[in-house]
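In what follows, subunit A forms one complex with subunit B and a second complex with subunit C.
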Partner chain A sequence: MTLLLDLALVAWLLGLAAYVVAERDERSAIIAFLAFGLLLGLGWVRLAAPDVAMTEIAIGGGATGLLLLRAEAALRGRGKHEEAMTRAGKLAVALGCAAISGGLGYAVLTFASPPPTLGPAALDALDPTGLGNPVTAVLLAYRALDTLLEKVVVLLALIGVWSLAPDQTWGGAPDVKPALVPEPLSWLARVLPPFGVVIGVYMFWVGADAPGGTFQAGTVLAAMWLLVMMAGLYPPPDTARPALRFVLAGGPALFLAIAFLGFVAADGFLAYPDGFAKPLIVAIEAALTLSVAAALAMLVAGPARKAPAP
Partner chain B sequence: MSGVADIVTIVLVAAGVLLFVAGMLGLLRFPDPLSRLHAISKADNLGLGLIVIGLLPQATSITGGLKLICVWLLAQLSAATASQLLARAVHRDRAEP
Partner chain C sequence: MTAVLQPGVLFGLCGAVLVGIGLFAIATSPVLLRRIVGCNILGVGIFLVFGAVARRGGGAGLEADPVPQALVITGIVVAFSASALAVALLKRLSELSAGDRAGTAAPAEPRSVV
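So, the complex of A and B:
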């Protein structure tokens, strides 16, 4: 019975992926991509990886889909210069994609059986970190360097978006509010954020011991902030505002500071002193959650559209 | 006791699934956006509600059950708002041309 469900899920995923690629109308393709992210999340749940499932649904489906929709809306009606792709160009793209898919498929099919795993090792080393969720231990203790670089990449993406602003609005506020805010939207923006903030903080807090964590919590918080900004209840901040930049850089900066502290107090870069691992990890996660939330919300809000306040 | 709980779950979840199927049929077969919206919002609210009530006897803790109810309430809140926004957009498009 579950095999039937899994096969249906796989067929659905493949069909939807083909639709996203083949669909000519960009908006329909993006909406299908959003649904694809949700289904992929279900797939990860079936593989017993709830942490990945939540990240996939929040970032891969929700946030990325929203970014694409905003980009599509910005380009719509601007008279895209459609340069038809040459046959050779199309062929090159198709060959590149086929090579990657074939290579991945080959790698998966040639896995030793049973596949090599670091799972038991990750569980054995869990005690000194004081954490209960091995995924969080991997992200913030064993492979903390990867996580640090990941968060810096999000900031780099934000700098890329911000640098699209023309000179006269540089440092000003983005514009996310529609000309006319529908009443149901402003009602939702008043009712939902209190719940959303509680859920976001909860997701961050249980991340130490159960599925959850910075990226998932940050996405929920970012969504709540965007809702408030889109309903016009509170204007988006100037991108040059020191408080905003402090929150954005705060997470990675604290992470880096604690990493360097490892030279003095522990064995080296990114090593936590004995007995202080859990409080340090929770402090880093708290700062990172706020940074991720601010960065994602500002990414969706887009480049500055209004002149900065003097 | 668990036998009764299982029967309650099976009956209510089956009823919820039936509502979802009906809503999906309406979404596919109804002629205009407003009636399609009508069909799918019934499935969303009542169908999900029945499934959540059906799953409550299976909850292992009180907080687990409360989380299920929260999921239902939040889904209702967002579905109702989204329906209103879509219906407004349809209404505006009709009035304009």
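So, the complex of A and C:
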């Protein structure tokens, strides 16, 4: 039965991906990509990775879909079109891509046996942290450096997006509200956020012991904030506003400060002192969740479009 | 044959095919936005191969190796950031080229009439 589900999922994923590539209409292709992201979440559940499934559905499906749909609406009719390739060129590219897929598939079929695993090492690192979710422990203790650098990458991407604002709107607010706000959007923006905020905070809190965590919670919070901004209930903040920048930089800054504290109080960079690991990790996660939420929402909102408030 | 049908292998193979589909879109699509979508499909394919590695690395009371899972979560967030930056660049590019066209269209039109 599960085999049938797996085969159907794989067939749907491949079919949707092929449709996304072959479809002529941009909007249909992006909506198909959204569906692809949601189905992929089910695929991750089948791979016994519920944390990844939640991240994939929230970010890969939801946030990326919103970003692409907004881009499609903004670019409609004036996107850059390059000359289509000739049939022979496409065939050559298809052969090359098939060769790469074949190579990867061969690698998948001939994985080393017994499979190498870092699971026991990650579990050993789990005990001193007091966390129950091994994925969270890997993200914030065993391989915390990756997570720290990732936060910096998100901030760098945001700086890149903001720097694309024209000179006269630098420091101003992005424009996310459509010219005409549909009634259902306005209604949802009033009804959903209380639930969304509770779900987001729950996902952050439960992430220590069960599937969930900062990224998933941050994305849910970002979605709620975007909903409110898109319905025009609350205007997006000026990108130069100190409070916004404080929230954005606060998570990574606290993470970095605690990482350096490790030199004094523990064994070195990014080491947590004995007995304080869990409270410190939860503090970092709380600050990171807010930073992630603000950064993701601002990444979707795009560069400043209005002149800054005086 | 049954080994191929384990979720760890099946989704790994699915990921391998998705890598090819994504690469094809990046290389051949005439629309730049579709190439960004192609990049995302390519990324998803690579993540799924990682997921297959994680699934096989289970054991010691774990259903799947948490290290590749954590890497994939990090990767998804980074892929989203890269997509957001690419989309912002694309929008700005189209604004600038629309401005160029508006600037050159006015003097070009009378010439085409003559």
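Throughout what follows, the second predicted complex is superposed on the first by the 282 of 310 C-alpha atoms of A that agree within 3 Å, B and C clash if a C-alpha of one lies under 4 Å from a C-alpha of the other, contacts with A are read in each partner's own complex, and residues count from 1 in each chain.
Methods note: contacts are C-beta pairs under 8 Å (C-beta built on N, C-alpha and C of every residue); 3 or more make two chains touch, one makes a residue touch a chain.
Nothing here was measured: the structure is a model prediction, and the numbers come from that model.
The superposition on subunit A brings subunit B alongside subunit C with room for both. With both structures placed on the common chain, the touch criterion links A:Thr169 to neither subunit B nor subunit C. By the touch criterion defined above, A:Phe195 lies against subunit B but remains apart from subunit C after alignment on the C-alpha atoms of chain A.
In the superposition on chain A, A:Pro184 makes contact with subunit B only, while subunit C stays out of contact range.
A count of residues in subunit A touched by subunit B and by subunit C gives the higher number to C.
Contact with neither subunit B nor subunit C is seen for A:Thr129 once the two complexes are overlaid on the shared chain.
In the superposed pair of complexes, A:Ala94 makes contact with subunit C only, with no contact to subunit B.
Between the C-alpha centres of subunit B and subunit C, as viewed from that of subunit A after superposition on chain A, lies an angle of 90 degrees, to the nearest 10. Superposition on chain A places subunit B within reach of subunit C only down to 21 Å, the least C-alpha distance between them.
Residues of subunit A that touch subunit C in their complex: 2-3, 6-7, 10, 13-14, 17-18, 20-21, 26, 29-30, 33, 36, 40, 43-44, 46-49, 51-52, 55-56, 59-60, 63-64, 67-68, 71-72, 74-75, 78-85, 89-90, 93-94, 96-98, 100-102, 104-105, 107-109, 111, 115-123, 134-135, 137-139, 142-143, 146-147, 150, 153-154, 156-158, 160-161, 164, 213, 215, 292, 296, 299-300, 302-303.
Subunit B contributes residues 70, 74, 77-78, 80-81, 84-85, 88 to its touches with subunit A in the complex. Taken together, the subunit C residues at the contact with subunit A in this complex read 4-5, 7-25, 27-34, 36-38, 40-41, 44-45, 47-49, 51-67, 69-74, 76-85, 87-94, 97-98.
Every residue of subunit A that touches subunit B in the complex is listed here, in rising order: 182, 184-185, 187-188, 191-192, 195.
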